[in-house]
Amino acid sequence: MTEKDEPLDHSPQHDSQHDDDHLHEECGVFGIFGAPEAAPLTALGLHALQHRGQESCGIVSWDGAQFHAHRALGHVGENFGDDSAKIVGQLKGHAAIGHNRYATTGATNLRNVQPLFADFEFGGMALCHNGNLTNAIDLRDSLVRQGCLFQSTSDTETIIHLVARSPQQTVLDRVIDAMQKIVGAYSLVCLTRDALIGIRDPHGVRPLVLGKVGDAHILTSESCALDIIGADFVRDIEPGEVVMITSDGVQSLKPFAAKPSRFCIFEYIYFARPDSVMEGKSVYNARKEIGAVLAKESHVEADVVVPVPDSGVPAAIGYAAAAGVPFDLGIIRNHYVGRTFIEPTDHVRHLGVKLKHNANTAQLKGKRVVLVDDSIVRGTTSTKIVEMVRQAGAKEVHMRIASPPTTHSCFYGVDTPQREKLLAARMSVEEMAELIGVDSLAFISHDGLYKAVGEAARDNDKPQYCDACFTGDYPISLIDQNDGSNVRQLSLLAEAS
Amino acid sequence: MTEKDEPLDHSPQHDSQHDDDHLHEECGVFGIFGAPEAAPLTALGLHALQHRGQESCGIVSWDGAQFHAHRALGHVGENFGDDSAKIVGQLKGHAAIGHNRYATTGATNLRNVQPLFADFEFGGMALCHNGNLTNAIDLRDSLVRQGCLFQSTSDTETIIHLVARSPQQTVLDRVIDAMQKIVGAYSLVCLTRDALIGIRDPHGVRPLVLGKVGDAHILTSESCALDIIGADFVRDIEPGEVVMITSDGVQSLKPFAAKPSRFCIFEYIYFARPDSVMEGKSVYNARKEIGAVLAKESHVEADVVVPVPDSGVPAAIGYAAAAGVPFDLGIIRNHYVGRTFIEPTDHVRHLGVKLKHNANTAQLKGKRVVLVDDSIVRGTTSTKIVEMVRQAGAKEVHMRIASPPTTHSCFYGVDTPQREKLLAARMSVEEMAELIGVDSLAFISHDGLYKAVGEAARDNDKPQYCDACFTGDYPISLIDQNDGSNVRQLSLLAEAS
Amino acid sequence: MTEKDEPLDHSPQHDSQHDDDHLHEECGVFGIFGAPEAAPLTALGLHALQHRGQESCGIVSWDGAQFHAHRALGHVGENFGDDSAKIVGQLKGHAAIGHNRYATTGATNLRNVQPLFADFEFGGMALCHNGNLTNAIDLRDSLVRQGCLFQSTSDTETIIHLVARSPQQTVLDRVIDAMQKIVGAYSLVCLTRDALIGIRDPHGVRPLVLGKVGDAHILTSESCALDIIGADFVRDIEPGEVVMITSDGVQSLKPFAAKPSRFCIFEYIYFARPDSVMEGKSVYNARKEIGAVLAKESHVEADVVVPVPDSGVPAAIGYAAAAGVPFDLGIIRNHYVGRTFIEPTDHVRHLGVKLKHNANTAQLKGKRVVLVDDSIVRGTTSTKIVEMVRQAGAKEVHMRIASPPTTHSCFYGVDTPQREKLLAARMSVEEMAELIGVDSLAFISHDGLYKAVGEAARDNDKPQYCDACFTGDYPISLIDQNDGSNVRQLSLLAEAS
Amino acid sequence: MTEKDEPLDHSPQHDSQHDDDHLHEECGVFGIFGAPEAAPLTALGLHALQHRGQESCGIVSWDGAQFHAHRALGHVGENFGDDSAKIVGQLKGHAAIGHNRYATTGATNLRNVQPLFADFEFGGMALCHNGNLTNAIDLRDSLVRQGCLFQSTSDTETIIHLVARSPQQTVLDRVIDAMQKIVGAYSLVCLTRDALIGIRDPHGVRPLVLGKVGDAHILTSESCALDIIGADFVRDIEPGEVVMITSDGVQSLKPFAAKPSRFCIFEYIYFARPDSVMEGKSVYNARKEIGAVLAKESHVEADVVVPVPDSGVPAAIGYAAAAGVPFDLGIIRNHYVGRTFIEPTDHVRHLGVKLKHNANTAQLKGKRVVLVDDSIVRGTTSTKIVEMVRQAGAKEVHMRIASPPTTHSCFYGVDTPQREKLLAARMSVEEMAELIGVDSLAFISHDGLYKAVGEAARDNDKPQYCDACFTGDYPISLIDQNDGSNVRQLSLLAEAS
């Protein structure tokens, strides 16, 4: 009797459509206040954050009299680049926010592209966030019963209705009032007629940094988005902190009950760009250090250390240096590939098409090879890569992974397969080694990982990071998950196209 | 201090962008329940109603499990014709509603294209209407203060929020509850998971008819939309009547306080298609009869009766027959023209470009010509036509108009210029004749018009029709108009494109 | 062993894809020299000639340094109207030629859209024509054997190669040299860097007129294309005449052997716009006169004369006046229809969809109806129309046709079905009447037709017009037709799209 | 008095529009004969060759009865990937050829997108090539004087006309006859109804290899295009060799006068993909070896070796290993960038936008940095990179270049700036070092380069490679260049769009 058409899209149960067998950050955010060309700068910031979300992007600007928006499926360069100069030119104003989104594709989801915008009694406001609200469906059901009309399946819309119905007077108080009802891991930015507001969840799971260029202030997910426009890094926004940036400057509040910091450790392993600095640490250095720890923890005799490009490169450099084994690009990646090129037919597939990676045979033939990759999710890519390396004539293949086994799904804004599809949830390391076809397989240990990022070890009583994907230790309660069977399904239109 | 970007689009104050100097019906509706291919049939129905709205069109269907929609700017044939077979194929189901809209163009208004759809607590519902709600802004302001979020400037959205907040239990009761708060002239159709609902306002200003084809029932604006699919005309829906069509058949209710019938008399003059039958009368015959009355009321010696094509043709035939003067096509209309062809530059304009009409010189040269047109709005087209006829060598030009002088704006769903742009609001008939450049000018009298549609005369105490555009006698109160200065402006996004 | 993909498109053997069961003119041409905005004026001229070709259109202009072109599938208004202001703006210069084409659709034929352009030793030249060359394939085969590379299936390209290979020195001499090798019915216009050249074939089968606006001269197919830009009609170009328009004025030559004039009589019956004047006669008056002759030749008692809209209207007016029977629009045509709206499925088709015409029941019920149409080609439309009129309650239906029976295909630039699909080639008038379902059927006689256009009768020894479609008397030899079996097929690319 | 609109596009005089300050290969070719899905395999091969040409791509297939084509601007993945499945599906047949092109963009150049196709007396043939013909304009002028009509500015079209006019009988003889008139550096592939033909110019400047997968044979520019579809490398086509692949197998001919082999040495430095094997050498190993030679030739004390990504990476790895200095990614490249993202305005540019590269500050701060790049063309990118590295806190910056100074333009199919824009043509190494802002700058020596690719040294009397860009020693005569002033300009249409 349901009329379901669209799963609420923040659950991890849908299959990733991506062939590269990685977990994926779902979003990147950027906001700027006080700059003469806020929207072009936001476009550049989003471009620097493209790795955090490639399915869609959007910008909303405010020019003092009118909000302007452009939101579209596709990359930032496609939608806000040279060919879109006219569109960028229409996004006038000194303040803007923008968002990259990583989510299931399809025309019906254009309505989910952020930033969302609404016309409130107090005027218009746009908002977007990186992360996931874990009680959004629960709240939505209650709001629908009160006569609220929802336009999307995005959890962000729940925030908008809470703001609209808040009895508070000021915009800031209404937003805080709404967020006090919300449970989840998020970094949120809002643009009103007077202010840019940023909020990081009480555990600080997702990143958010403050920057400055000229007189303008910036809130964004990573420091590399500051670098691209020549802005200075000021500081990380603290867990549970609310900042309001107006023409009077930056105001900081701590309206939420304090919680222990649990920054996402996977940002260091894979999500963040290597040239970003997060919570005071260089991501590149963290990865090299992980490689070095890995070399010590799981030594093997070898002739060459080969990264699985590109994400395995820093760890492989660290591994090679620590192990004293030459580093070489034994696998060449075709950077033109894109997600849009599929293997056309069974016949063609049979030939063993190598769309994205090719063996650099001269570096592999007759050698004992250490392959370094950042993580194993389903194991499909690893299997193909190992087969390719063996076909190129490698004598031995040893795989070293720069993270512990990924055994649990993430519910905090990362695109992960269902738990039963995670290889490490189903198999021992030995079983995985056999499946993948390597002579040996090793993952970094939990403590090794914490050491690499500067801790003595993992504090199992009060873990310093969110590492739920490796441990199942979820710091924020999963209300919608626990409640899943009772969830009211949405009746959304299927737009023909 | 406002952040206005978009006028609420049901007010008559915006200028018509149309060159043909006519009033325009703003909408046509079509709904069908119980037919195997509801959407293709709806597309055909909308195609027959294309004259009631050319800017945009939309269809929503229900397939028993899912609502499907396609809404777009442009004509029905462009969006649901041969080239869109794939789209029409996606609009599955045995029930559908559709809408043609006549309104200002522009990308920002795509969100106003009907039918609107919402996900209610009771499930999804789509709705659309022909007409105008005269207290929609007033209601909207109150709803926004209660935390409602509006997505469009369409008055239809006000109905949706009223339905969402209704305390009633059944869908039908909620819709009726909502409409009891609404004031206006409208013919509304709604599609739910179980039913097609139709409502005509208590005065019955706008048309709505019931038809049948096989086992399926149809609600639509004009009988010509029944003819196109071979359906039978059953009856006009009565003023204030609510019909609910389900798999159990047609149920009729009269939940509103009874009001005197005031059908729009302009439907006979110009809006409706000549092959439609409205309130029991053939529109073509009504027009011929108007021509005949006009010939009697304002006789003139002449050699030829020439219609301004195409709308003046039936009245001209009636005039010619009654006057005993030959009827001829002295003006040829280029049917390829379309609204999209403008005169490129001042230089070109200077040449006296005749995009839409050309004089048929052989029928005009040296003759005393009676030109018959349906109405004069601004007078711009009339002036050009008369000049063209004179240049072709007409000896005398007498203009006869098949309606009384248009002196007032319509607020009931017709696109009219502001009152001060109506020629007849500013000038006497003599002044108009001089401006237009004719030897004589005559309009049909009020009583003559009522006679032509079968009444003895206009009953000035209880007029049988709505003729506010000729008399200023508005049967439904103009709440938003009277209240205009206090209206809260919307803050809607300007979508860059 | 052939590698055929595309029939040479000037043969009549392919089926018309058009539902309206008429013969169709294949082209209209327009050229202007000496006007500041040559391209916009050409666009307007083509718009006035839209009835002569709706599949594609194109304009080439010359700005003194560069030729500019835009050629596309679709109507003039779609490609050169308001929405294409940027494109029209790029077509700079004081001279331009343009073309409307009526031909089979499909992406592979974009290369056939005229005007064609080529870079010759003497510089660039664009050309286009209305009509058909009857020895183009024969010439093409010979050119291919000499190493010529053909890009299209258009017969116009044959002319281009002949010009490129001509040993003559001047452009004009080369063009004349080429046309002396050509056999066919054509009106050709060419644009060079210095001149606009026009040529009408020796029999003058297709029309071409000279006009003037300000200092600019115009060559075009019909006078209505002069009217639209306020230009004056100067004269018809004579059969076999070559005119060269330069900044020095108009030069006239008669380089071909003189032949008797055989203007296409079907231009009066159907092809031309009623407001055009051709060879000194008003097309509208010719049609009315045909109706009048028809009324005398085939009288019948009746209550109403109803035209099949729109082409039957002038003849019906003439018939009604001559017969003393009222004229009424008993069939209403939906002008929004367009070719793009097909009947979606068998189920829907079964309902008897009336996309284009609807019965105006009030004018037909219980009446003896004379239906007037211009011609019968296959008879399919007539059958549907008669059925619709009978369903509306007509007591008797008598059909009167404003042309003699169409018994032969045209090879001179008119889209006609294969002869065996022409109803009148297969059946007697009585058989046709039975098939179509009328109480009586009559065509105008050959002599009656000649009388209506001002002749005493048809001169059977030296017919005054080309009437091959009614008589099989072909004035120009059909070289490719007679030679068909030996024709080399082209190997053209199928462009994927 | 000219009517020029388009420079002949194979001259090096036009400015490269590309910001990355590299020379660029102009094309890649791929042909396959005997495979069930020839076009999808060709698309994959072109994808592997994307680095050889990114502006446009095209495929022509032959299905035994019909040639099919799709040619478009943009990348292979955009035009033949997942979103274009329908198009790829239309390219039927067991044989196909394809082409990537690197050339100036713009709609007017779509006609230059290869493969070209023509309908000859013997049937259709498609062809495409990598390289440049140095007497194409000279030949074209002569052909135009003989009445040939050219459609494009591509030098490939000259070949087509020579084939059409050849007096030889067989297709192979005609193609060889045509190529005997051609001077230039080229690797050509042709597809006829029976055969795939490949020709490498007598000096073998551009690469062409033969591969095999199942029963199908392949001709392509690089071995990486074999790897992607799992095909085996068979051998390099020899300089001056003609191969004809039919259902009877591979036939080899040597119809041209023998010339010394002069393979392009820049293929090893930059053009080819590192995983390709050319003339028996691994490209990756050649680059590492260049880095090693460079480390020996121009030693400097340093803390870190940093490649300019991505092209400097293999040489930097070789340099670091030979010098015993750590290798690190001190510069991070944003692979999402694409050419389409420009710096929006002066204001934004002022901020020092880093679209493509960002400093990895943690690896640079306080360090003595050796930057390794493959070449310096204009020096613009080098200057920016050095400035960025210094801003990140590097103590010293030493630049090492993996090629000799680029002092001359290439006329053999490589996109190069005019000679006066080449930095090394205007400045000494010391002047360049100052301009770029480095503490030291060194290029590999000519002999060092030859050593790295396996020679004892450069044989100055009979150089083993074409190294004209470093030496000005052009092995093939530059006929059109020497003749430039007399060249007839084309009069091509400017297509409005």
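Which chain is which? They are A, B, C and D, in the order written, and residues in each are numbered from 1.
Assume a contact is a pair of C-beta atoms (placed from the backbone, for glycine too) under 8 Å apart; a residue touches a chain by one contact, two chains touch by 3 or more.
Which chain is which protein? Per UniProt: A, B, C, D = Amidophosphoribosyltransferase.
Being a predicted model, the structure only gives us computed values, none of them experimental.
Chains touching both subunit C and subunit D: none. If each chain is reduced to the centroid of its CA atoms, subunit B and subunit C end up 37 Å from each other.
Separation between the centroids of subunit B and subunit D, computed from CA atoms only, is 63 Å.
The set of subunit B residues touching two or more other chains comprises 88.
Under the contact rule defined at the top, the touching pairs of chains are A-B, A-D, B-C, C-D.
Across the complex, subunit C is touched by residues 36-37, 40-41, 43-44, 47-48, 50-51, 54, 75-78, 81-83, 85, 88, 213, 224, 227-231, 273-275, 277, 282, 284-285, 310, 313-314, 317, 321, 326-329, 332, 334-338, 340-342, 344-345, 347-348, 351-355, 358-363 of subunit B. In the complex of the two chains, the subunit B residues touching subunit A come out as 3, 5, 60, 65-70, 86-88, 90-91, 117-121, 123-124, 144-145, 147-151, 160-161, 164-165, 193, 490-497.
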